[in-house]
Amino acid sequence: APIGAEPVTIFAASSLKTALDNVIETRALDAVPVYGGSAAIARQIAQGAKADIVILAHPDWMEWLSTQEVLQNLSRCNLLSNALVLAASANAPDLDVQSANDLITALNGERLSVGQLRAVPAGQYTRTYLSEQGWLDALRPHLAETSNVRLALALIARGEVPLGFVYASDVAAEPRVRAVFTPDAMAYPAIRYPMAITTNAREGSVDIAKALIAAQQVFAEQGFANVPTQETGRCE
Amino acid sequence: MILSAAEWAIVTLSLRIALVATLLSLPFAIWIAWLLARRDFFGKSTLNIIVHLPLVLPPVVTGYALLLLFGKQGPFGEVFETLFGITFAFRWTGAALAAAIMGFPLIVRAIRLGFEGVDHGLEEAGATLGASKRAVFRRVTLPLITPALLTGAVLGFAKAMGEFGATITFVASIPGQSETLPSAIYTLLQVPGGEADALRLIAISVAVSVLALAISEVLARRALQRVSGQ
Amino acid sequence: MILSAAEWAIVTLSLRIALVATLLSLPFAIWIAWLLARRDFFGKSTLNIIVHLPLVLPPVVTGYALLLLFGKQGPFGEVFETLFGITFAFRWTGAALAAAIMGFPLIVRAIRLGFEGVDHGLEEAGATLGASKRAVFRRVTLPLITPALLTGAVLGFAKAMGEFGATITFVASIPGQSETLPSAIYTLLQVPGGEADALRLIAISVAVSVLALAISEVLARRALQRVSGQ
Amino acid sequence: MSLDVDIQATLGRFKLDAQLQAGQGATVIYGRSGSGKTSLINAIAGLSRPQSGRITLDEQVLFDAALGINVPVHLRRIGYVFQDARLFPHLNVADNLDFGTRYADASLGKNHRKTVIEMLGIGALMQRRPGALSGGEKQRVALGRALLTAPRLLLLDEPLAALDTQRKEEILPYFERLRAQGGPPMIYVTHDMSEIVRLADHLCVLRDGKSVAQGTAEDVLADPANMKLIGVQDAGALITGVVDHHASDGLSGIRLSAGMLFVPRMAVTVGTSVRIRIRAQDVILSLSEPKDMSSQNVLPAKITAIREGASSGFAIALSCGTDRLLARITARALAQMELKVGQNIWAVLKANAMPPNAIAPS
Amino acid sequence: MSLDVDIQATLGRFKLDAQLQAGQGATVIYGRSGSGKTSLINAIAGLSRPQSGRITLDEQVLFDAALGINVPVHLRRIGYVFQDARLFPHLNVADNLDFGTRYADASLGKNHRKTVIEMLGIGALMQRRPGALSGGEKQRVALGRALLTAPRLLLLDEPLAALDTQRKEEILPYFERLRAQGGPPMIYVTHDMSEIVRLADHLCVLRDGKSVAQGTAEDVLADPANMKLIGVQDAGALITGVVDHHASDGLSGIRLSAGMLFVPRMAVTVGTSVRIRIRAQDVILSLSEPKDMSSQNVLPAKITAIREGASSGFAIALSCGTDRLLARITARALAQMELKVGQNIWAVLKANAMPPNAIAPS
């Protein structure tokens, strides 16, 4: 970036914090990250927040943003990918889940933590998964919906609930839990972290975006996955 | 505006939680406010700080602390479970607890202001008439601070109706147990296009508080007149 | 505990925001509390409701409303920008605005309780000495309600230090502009392993409020003595 | 009842060191503003704690600094009527009255309540709020409220001080009735002499925190040495007599040991023994029996003591039959009349100098 | 100064319908508790608004219901000393005193302040808080505070009512000095006669909200018809004289139009003209000149009117030189002495019946 110019501002979903901070630090990027919930970030950008790059945890809000005419055409791509896992405490055995009843039995009267099914991205993926499986109605009375996925994880880690659906990246970061079951990736929409550059983006934003794309390795260390190379919309 | 069954359930649950939170925290608030206004003791400033903490800390932290203390695995959680059979985790009771804790500093402060304004001479008069300290408190001091009690209750109730961060962190959002108006509103605001439905709930929320405020104002006017001897 | 430069920046920013929010909202709070305590006018109950709204509604809603009203494109946002050159959007000024609005009901209520306790006879005495209504207010009424003012200020300051939901929704959490202690804490709690860092910030938060409370208690003791003529 | 007080207390720069013995009837504590009257009765009530000393009521030790005894206020069963009434603003008159009854001996029952309410004439006020009462009504309710707890002892702190003469006259009879009808013993704080004659059996004078004179009201008031303590304009003796007749011309005759005393007509039945306050200021001395004068009363008396007072006055103590009188005369009159102890003399008194409020059943 | 009040107001069940004219000097409003004294001066101050009528001060209309004029309190420049002092608890004495100075005529300056503080003897209190003042000190500060605003008119609502005799004596001289030294005209509310003699140029008697007697203090007090309004024990005339000498035996001689009057020694320089209150109660009438008596004063007088009073008394109006006197005697004495209008008679007066607080420079 040119000397004296303001750093590039990246509005990013909170769950990316560790990874993104890491990338900015290790790659010495001249960028300032601003973390928040996807909904809040999207609205703020629509209201004129000075964001250059935006990374969300769910495509819906990116979709909405693109209707607000604040994103540069053709700048949208999927930066990262993630996966849903069923997490339990670190010493729990693997679980073979074939039906809602398997889960209910495993819960043993306790609750299953998930992100809010309609509000939190992880919850939205979980919701689709459970309803595709036809388990949702049976499980509904057993759910504990949290305002973000980290809290769902914390509940498992603390032993407040025996099981919960969280991201693979979360499990990787929390030694007190392990994945006891991994749902079939085809049974729910692919988890993608879409990135875009805003219309008013500063000079150099593109370079930063490219640097992020190039930092897949660092993201991977934090438990995120690459977007499959064959997928359209993948950031190159 | 006709409420759907689901909305109705959320409203009644919110009301129940707010009422229980306010009413149950009042006695404790009165006690703490009394200690802070009238007593000098070791640890008074610590108590003062603890009371104010929920105001100072982000609600998530308070909620997280509640989870650690009153969750299933938490020390107090177990005590309450075994001694009184009260479970907080993922229950409306927990939501009430969170709301109560969050509103506590507001209630305590208002009541404390009340205590500081009471004419000590009237309390002495009560004692000479044979009333013990406790009876004087109940029959003289307390009635004289009703305006402050009402203010405290209104603040506590309103906060309880609006509390969200600590509640959802502590007891998650479970329909019929802990899905309150604020968490329902929050949910709706998280998805694109949810604004219209959210607005309905916001309107309900406002309507409830309008009612509560109206009642409290009438009571406050009467109380003010009463304690001024008119 | 030595603060990192980044932490130090967050602390000073939070302090600035809380102080500005408290001090700037005090005059308005005094005015509104006075209207509510002393005046009867058309629209009084509406005003009362509006004042209480930030307490009743989930903070996100308040934040969202602020974004719509005081954002770059918002009607008030533009007015302030063109008339006073003040921008709220994504600035610390916006964070202060959000904190002020969220703490407003608490401050107003406490001060109102103060107004209701003032001896009207002293105000009459002021008038007979030649002081206009305004002068009586400034030189008699206001000094007499200092305990209530202090309580209001403490509540407002504490709330401002802890406010999160409305702030982050309105002005995001931009380092150096709107990343306050609560929003930094919140963000840290969102990431795996952030608890330890969060705890540091929580400790700082508590330390700041301990200091603020200690100062306020000393002032309150003096004020109470003063207004009782000792 | 017997109350025994010997306490020392320091309040700011003020030192209280008072001894007080009080028995049945009314004990008046008299002293100027700031002399420590309120501090003394506050200690008796238990509202403040002396640094040292002892307070006993009947056989019970209420306070003993040495033994570390300090019975809490509400267990002392001592009623207190405050100068400023202190009615509970949140209660109406009836509820104020009943505030303490539940702590009192239940055996008193409804009748006692009715009697007190009737005696105080507050039956019509029961539903009123304290804010809607006049000053006099407030004091009556405060008195009733204290009485209904059936206290062992009643403390009254200048209950009439803030009221004007007429208002006082409306309330004093209630205290008199209380004393006459065997109500609880009273400790009555006042700086008004006209209240003393009506009520005091026992009188204790406080000055700068010290009890400087004490005894029966008659003794304390008749002692010329106390004239300065009481104040020259207020000093005066108490004499006793029996109502003899009510004449149709508006005078009443009272039989004293030394003769008949005529006073403005009073509403006390013939045969009642009464006590009359005669201010030293109102007594004129004459060497010969005066004639042709509008003064209705000329009593033979004998000088028992002559004492120089403050400023220009002399206090003359007289015996008048078995009663004592006090007269205050100028130095010039003393010189001109060459008055001596033991001399016989006439005391001249206007009937109007003894208005009804200077006379009380004894 | 001239104040002209004619107002009607309804307060709850109470009706005020008062007329008052007041000029230079002190106008005393006298009436029993509840007669409407406070209501009347509150209307003058502008603290309450009458339903109808008119108030003018000098040429300015302060209130006129018909014209819709109602000058706000703070613009009336009328000082008010409240019965309960109402010092600002958050200010020390100095700041209380200075509260109103900024609104007053700046030309008064520092000197005026010094004079007032000296006159009231409050120089030593300046740093104290109101809570640390005695009742008397509080009233003095309240008076000073009002004076420092240089009011056109000063209203005083029973400023001494809550104080005991001695405390009153400490403060009354300040009011006297104020009147003597050309301070602002005062409207002084009281129910205490001893304050009237010391202060009143003009007297207005209120009863049940109506002004029932009004005029110079001398006229109102000397009129036997007003005896009942004032109260038989308090009634009495004012006579004037000049201090003639102070004798070494503790008496002072005052030259009246009818002779020399001896009173207890007073602290007023020879040659001062004074006004003396002589209570009707203290005047003894004698057909012959009495001898051998301790009463120092025997004045020749002539009966000008006889009026039957309440209860058993008669009011006898006397002329005594150019002064008027009022005596109160029993019906029996009237009959025995066969008193008639026009008769010459002796008025007998103890020197002690005229203590210093009954005498004031006029």
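First chain written, first letter: the chains are A, B, C, D and E, and each begins at residue 1.
Heads up, the rule we're going with is that a contact is a pair of C-beta atoms (placed from the backbone, for glycine too) under 8 Å apart; a residue touches a chain by one contact, two chains touch by 3 or more.
If you want to know which protein each chain is, UniProt gives these names: B, C = Molybdenum transport system permease; D, E = Fe(3) ions import ATP-binding protein FbpC 2.
Keep in mind the model is a prediction, meaning the values are calculated, not measured.
Between chain A and chain D, the least number of touching-chain steps is 2.
Hopping across touching chains, the smallest step count from chain C to chain D is 2. Most remote from chain C, judged by the distance between CA-atom centroids, is D. Overlaying chain D on chain E by C-alpha atoms takes a rotation of 180 degrees, rounded in steps of 5. We define each chain's centre as the mean of its Cα atoms; on that basis chain B and chain C are separated by 20 Å.
Centre-to-centre spacing of chain B and chain E amounts to 60 Å, using the average Cα coordinate of each chain.
Separation between the centroids of chain A and chain E, computed from CA atoms only, is 90 Å.
Inter-chain centre distance (chain C to chain E, centres taken as mean C-alpha positions): 55 Å.
Within chain B, residues 64, 165, 183, 186, 189 each touch two or more of the remaining chains. Shared interface positions of chain A, i.e. residues touching 2 or more other chains, are not present. Not a single residue in chain D touches at least two other chains.
Of all possible chain pairs, those that touch are A-B, A-C, B-C, B-D, C-E, D-E. Every residue of chain A that touches chain C in the complex is listed here, in rising order: 9, 11, 14-15, 17-18, 32, 34-36, 40-41, 43-44, 47-50, 148, 150, 153, 170, 172-174.
Those residues of chain B that touch chain C in the complex are listed here as 45, 48-49, 52-61, 64, 105-106, 109-110, 112-114, 116-117, 147-148, 151, 154-155, 158-159, 161-162, 164-165, 181-183, 185-186, 189, 198, 202, 205-206, 208-210, 213-214, 217, 224. Contact residues of chain B toward chain A in the complex are 64, 67-68, 71-73, 89-90, 165, 168-169, 171-175, 183, 186-193. Per the touch definition, chain D reaches chain B in the complex via residues 45-47, 72-74, 77-80, 82, 84, 86-91, 99-100, 102-104, 129-132, 145-146, 149, 155. Of all residues in chain B, only 121-122, 124-133, 135-136, 139-140, 143-144, 146, 226-230 touch chain D in the complex they form.
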